[in-house]
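Contents: one structure, followed by commentary.
By letter and in written order, the chains are A, B, C and D; residue numbering begins at 1 in each of them.
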Amino acid sequence: MRTKLFVTEALRSIQSNLSTAIAATLTVVIGMFLLGLFIALGTWVLSYTNDVKRQLIVNVYFCTETSCGVGKNEANQRQMEAVRQQLVAMPEVKDVKFISREEALEIMRERSPALVENIVSNPLPASYQVIPHRGEDVSAIAAQLEPPPVGVEKVNYGEKEAGRVLQVAKVVGAIFVVGSAILIVASVLLIANTIRLSIFARRREVEVMKLVGATNWFVRGPFMLEGLMTGLVGSLVAVVLLLIAKEVALPAVIQRTDLTNDEVRALAFPLIALIMIGTSLLVGAIGSGITLRRFLKI
Amino acid sequence: MRTKLFVTEALRSIQSNLSTAIAATLTVVIGMFLLGLFIALGTWVLSYTNDVKRQLIVNVYFCTETSCGVGKNEANQRQMEAVRQQLVAMPEVKDVKFISREEALEIMRERSPALVENIVSNPLPASYQVIPHRGEDVSAIAAQLEPPPVGVEKVNYGEKEAGRVLQVAKVVGAIFVVGSAILIVASVLLIANTIRLSIFARRREVEVMKLVGATNWFVRGPFMLEGLMTGLVGSLVAVVLLLIAKEVALPAVIQRTDLTNDEVRALAFPLIALIMIGTSLLVGAIGSGITLRRFLKI
Amino acid sequence: MTDTSLEPAAAPSPVVAEEATPRQPGAPMIVFEDVTKIYEPNIKALDRVSLTIDKGEFVFLVGPSGSGKSTMMRLLLKELEPTSGRIIVGGRELARLKRSKVPMLRRNLGCVFQDFKLLPNRTAYENVAYALKVQGESKRGIRTKVPEVLGLVGLSSKMSHMPDELSGGEQQRVSIARAFVNHPPLLICDEPTGNLDPDTSVGIMQLLYRINRTGTTVLMATHDREMVDKMRRRVIALEEGVVVRDERRGGYG
Amino acid sequence: MTDTSLEPAAAPSPVVAEEATPRQPGAPMIVFEDVTKIYEPNIKALDRVSLTIDKGEFVFLVGPSGSGKSTMMRLLLKELEPTSGRIIVGGRELARLKRSKVPMLRRNLGCVFQDFKLLPNRTAYENVAYALKVQGESKRGIRTKVPEVLGLVGLSSKMSHMPDELSGGEQQRVSIARAFVNHPPLLICDEPTGNLDPDTSVGIMQLLYRINRTGTTVLMATHDREMVDKMRRRVIALEEGVVVRDERRGGYG
């Protein structure tokens, strides 16, 4: 019954302060749209860099007849098996793939046929492609093979490229985290601020309510409900806008592209929507509640 | 004299509506900080992708003794010169660099010594590296060498990589433009909105001023000046925050990195600051002016 | 009613009830003990005021502009705290009253404010209804009581007007209607006829008189010499915050 | 003064000037011709009101609450437009007045509002000063005139108070001071003594009388029967928007 009263009160208040209510809702829409956009972009970029990181591998090259210098032979089966044992025992390692000398030549032929065409003997070594669980671990894996076991010519993980990719991933990750934090704080502040202003404009009203015998909760109820409604409507509009952006604007920009990939994707849309709605509801209700405190002291 | 009166009026108004003024300023700070951050990040990313695009080149490979099939010889000086003439005549071409067979082998040796070590004869062709003015032009240049002139084995511009890089650059550019536009609109709306709310709270005051004989400009002056001051103070704070972010936070995140590069940089900071301050001043003054119109009609 | 009620379970007496309920002259409704109120930094609005008003009394509070009448009313509502001294309303010391009990106090203490204090976005009807909603009155109760009270102050035809669509005197009458719609045991009126013409004023005074006869204590600040002289009730006169006169059957002075 | 001035270059007459300036009984200051004001949707606040008030007259406007007195004042200020009929102030038809000339009209027309209409964030001094600043008065002029006028209404000691730190009557007097600080040729007062005790009221009335004697036309809505009966000036009585009485030397009625 009390709730019903609050709802009626909140609705009439929105109605009679329509332009203020619209202003507040607009702020919520903007804040939440930006937040949602940033989370979507951010998680997409993170997922993309993760995908790139996933392509980081360690190559373990075995000796050929000549490559390990005088007196060393081509690596034999036993040596290779020992290295494999050592690799799979490492917790960082996810998978070990063997690439024979023939396969290596085949891959090379595909990449640069001109180079392979006139070759006399196969100069390429056999190798293991070691796939780590996490891209960051390639250097740790390589370090454990130092000095190289018998039969291994060298261990290689494209230090420079890996470093660069990891660097980019780190920066992007940091920007995302910092940016999201800034944006959450910013939109919370903005929404709270707007609610503050619209309640401030009505502080005399609150005073009168208190003077004719309203309890704090009786005054606060409709205001908080109004905050909730503002938050709900605002974030729903923002969700719809974001959905339109995703379904209409995004495909127009990206068309058909190999950037889209099953592995690379943003945080699921429903989850983003949930975050947006939740944030704005919380801020709407708590913001009104806290702001009112000052004026309820009469 | 009139101006001095306006300044005094504006200052006393800020003073007596201190918490409202702070709220409005805070909105400006947040809006402008986000805007500045986005412009900085966006222009940096654009510049980065431009740098990447700049690395796009067209390779023109000449025939070796064998590579062009039976009956064809190694390309001679005259043929190479003819191709160079053709290339430098194209408006899209910025520079043409000759890479001899020996240089090609040297580069290959550096990249993968194991491969080159046991080679009998040099399998690599001579080539031109054609550097375009704009990364986008690589395909146009390649198309003009179709069918290949005499002596040319093939023309190659890493179609896949080029496509991918251009795609990313296009997406990033689009996101930046759209995002900046959204953010500019959003922060303008937010600031205007806040000003609206704070003036709305004082509409009775405006009515009284009009009823005791103030002209529209006499009422508007201090309000607009107040909007200007709010905009100025807010955007200055935002500029300082951004400067701190740039000088303190950014180095801590990126440390020493090869992402920083003389060619890759964001829009100059003073320019960003100017945009921020300009936007907020404009919105502050015009926002107050327009909002007041409604209440001045009495 | 709750424990902060100012009266022992008042009978459901209609405002218009003509039969006089028994007076209880012994029990004090309002007690001021040496009350001083200083507005920061140094404006002494009330200076060691001591007085007692019994249940069922009808008291005029007179005095020149700025003598402290409204300040006394605001102290009774616990809108302000006295700088020193004790105030007792309905047997409760206000300084000891818990924050959470203040709304109860105010529901039992109808007040006509000098500046009306109407809610700007509500119609006359809704303004009066708010005082009932606040104490959980049923919908049906509101629907019968509000039009009745607005009729008593002569505003039956203006019920759906917003405050800024009412004349000054009409706003004042809405404020009066709101003050007594829930039959509070104590009614304090701060110049309730300042914006009313003599005829309407007389009507309002008769109404207050009838309300008083049902047992309600009425404290009324006024500048209306004619009225005070005619009514011959207790008059308390303030001057610069000091009680300079307190007569059982006084005139304006 | 500009072309919207209501009087031909009034002599710089101090408000307190005791010598009576020559009356100009012929020239009308205010003319209402068949004025009807209907508030949307259908509230007839004024019904075909026709009247003429000459320059230098002192006129009481009386009538019960809600009879249309404040509406007449708001029409004179061009805060509202009449539904039909013509209003002429100082020889100018208000309907024809350009928007940009309205501030000029209002500077020549001091108004005491029924609800005071003080600027909430300004002290009493600043509120009065604002009416002077608005017309470009010099700093020195403000510094001498404002304290003088506030002294006349008895508020010398309250100049630095904010409106919410003033009693009801004090706020009303600030509003009165603001209305005549710039010596307007026409002064309209909407119940200027509603919140004042009889003694202060008399003081204010004497002040208005003296102002009137310097040539200022005064139109005053009031409910103060005693005052009207004592002054014996022209009385216009409204009832439900209709002029029911217009006597040269009338009483409250």
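Note that in this section a contact is a pair of C-beta atoms (placed from the backbone, for glycine too) under 8 Å apart; a residue touches a chain by one contact, two chains touch by 3 or more.
This is a predicted model, so every value here is computed, not measured.
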Seminar exercise, completed: At minimum, the number of touching-chain hops separating subunit A from subunit D is 2
For this session: State the chain with the largest centre-to-centre distance from subunit C, centres being mean CA positions.
Result: B
Seminar exercise, completed: Distance in whole angstrom between the CA centres of subunit B and subunit C is 69
Problem set entry | CA centroid of subunit A to CA centroid of subunit B, Å | 22
Exercise. Roughly how many whole angstrom separate the Cα centroids of subunit C and subunit D?
Worked result: 32
For this session: For subunit B and subunit D, let me know how many angstrom lie between their CA-based centres, rounded off.
Result: 63
Seminar exercise, completed: Residue ranges of subunit D touching at least 2 other chains are none
For this session: Going through subunit A residue by residue, note those that touch at least 2 other chains and give them in order.
Result: none
Exercise. Viewed as a graph of touching chains, is the assembly arranged as a line, ring, star, complete set, or other?
Worked result: ring
Problem set entry | Chains grouped in pairs wherever the two touch, ordered by label | A-B, A-C, B-D, C-D
Exercise. Which of the residues in subunit C come into contact with subunit A in the complex?
Worked result: 77, 79, 100, 103-104, 106-107, 111, 113, 117-122, 130-131, 133-135, 178
Exercise. Tell me, which parts of subunit C touch subunit D in their complex?
Worked result: 39, 62-66, 69-70, 114-115, 158, 165-170, 173, 190-191, 194-201, 223, 225-226, 252
Problem set entry | Residue ranges of subunit A touching subunit C (in the complex, touch as defined) | 5, 12-13, 16-17, 205, 207-215, 218, 298
For this session: Enumerate the contact residues on subunit B facing subunit A in the complex.
Result: 19-20, 23-24, 26-27, 30-31, 33-34, 37, 41, 61, 64, 66-67, 108, 114-121, 123-125, 164, 167-168, 170-171, 174-175, 178-179, 182-183, 186, 189-190, 193-194, 196-198, 200-201, 249, 253-254, 257-259
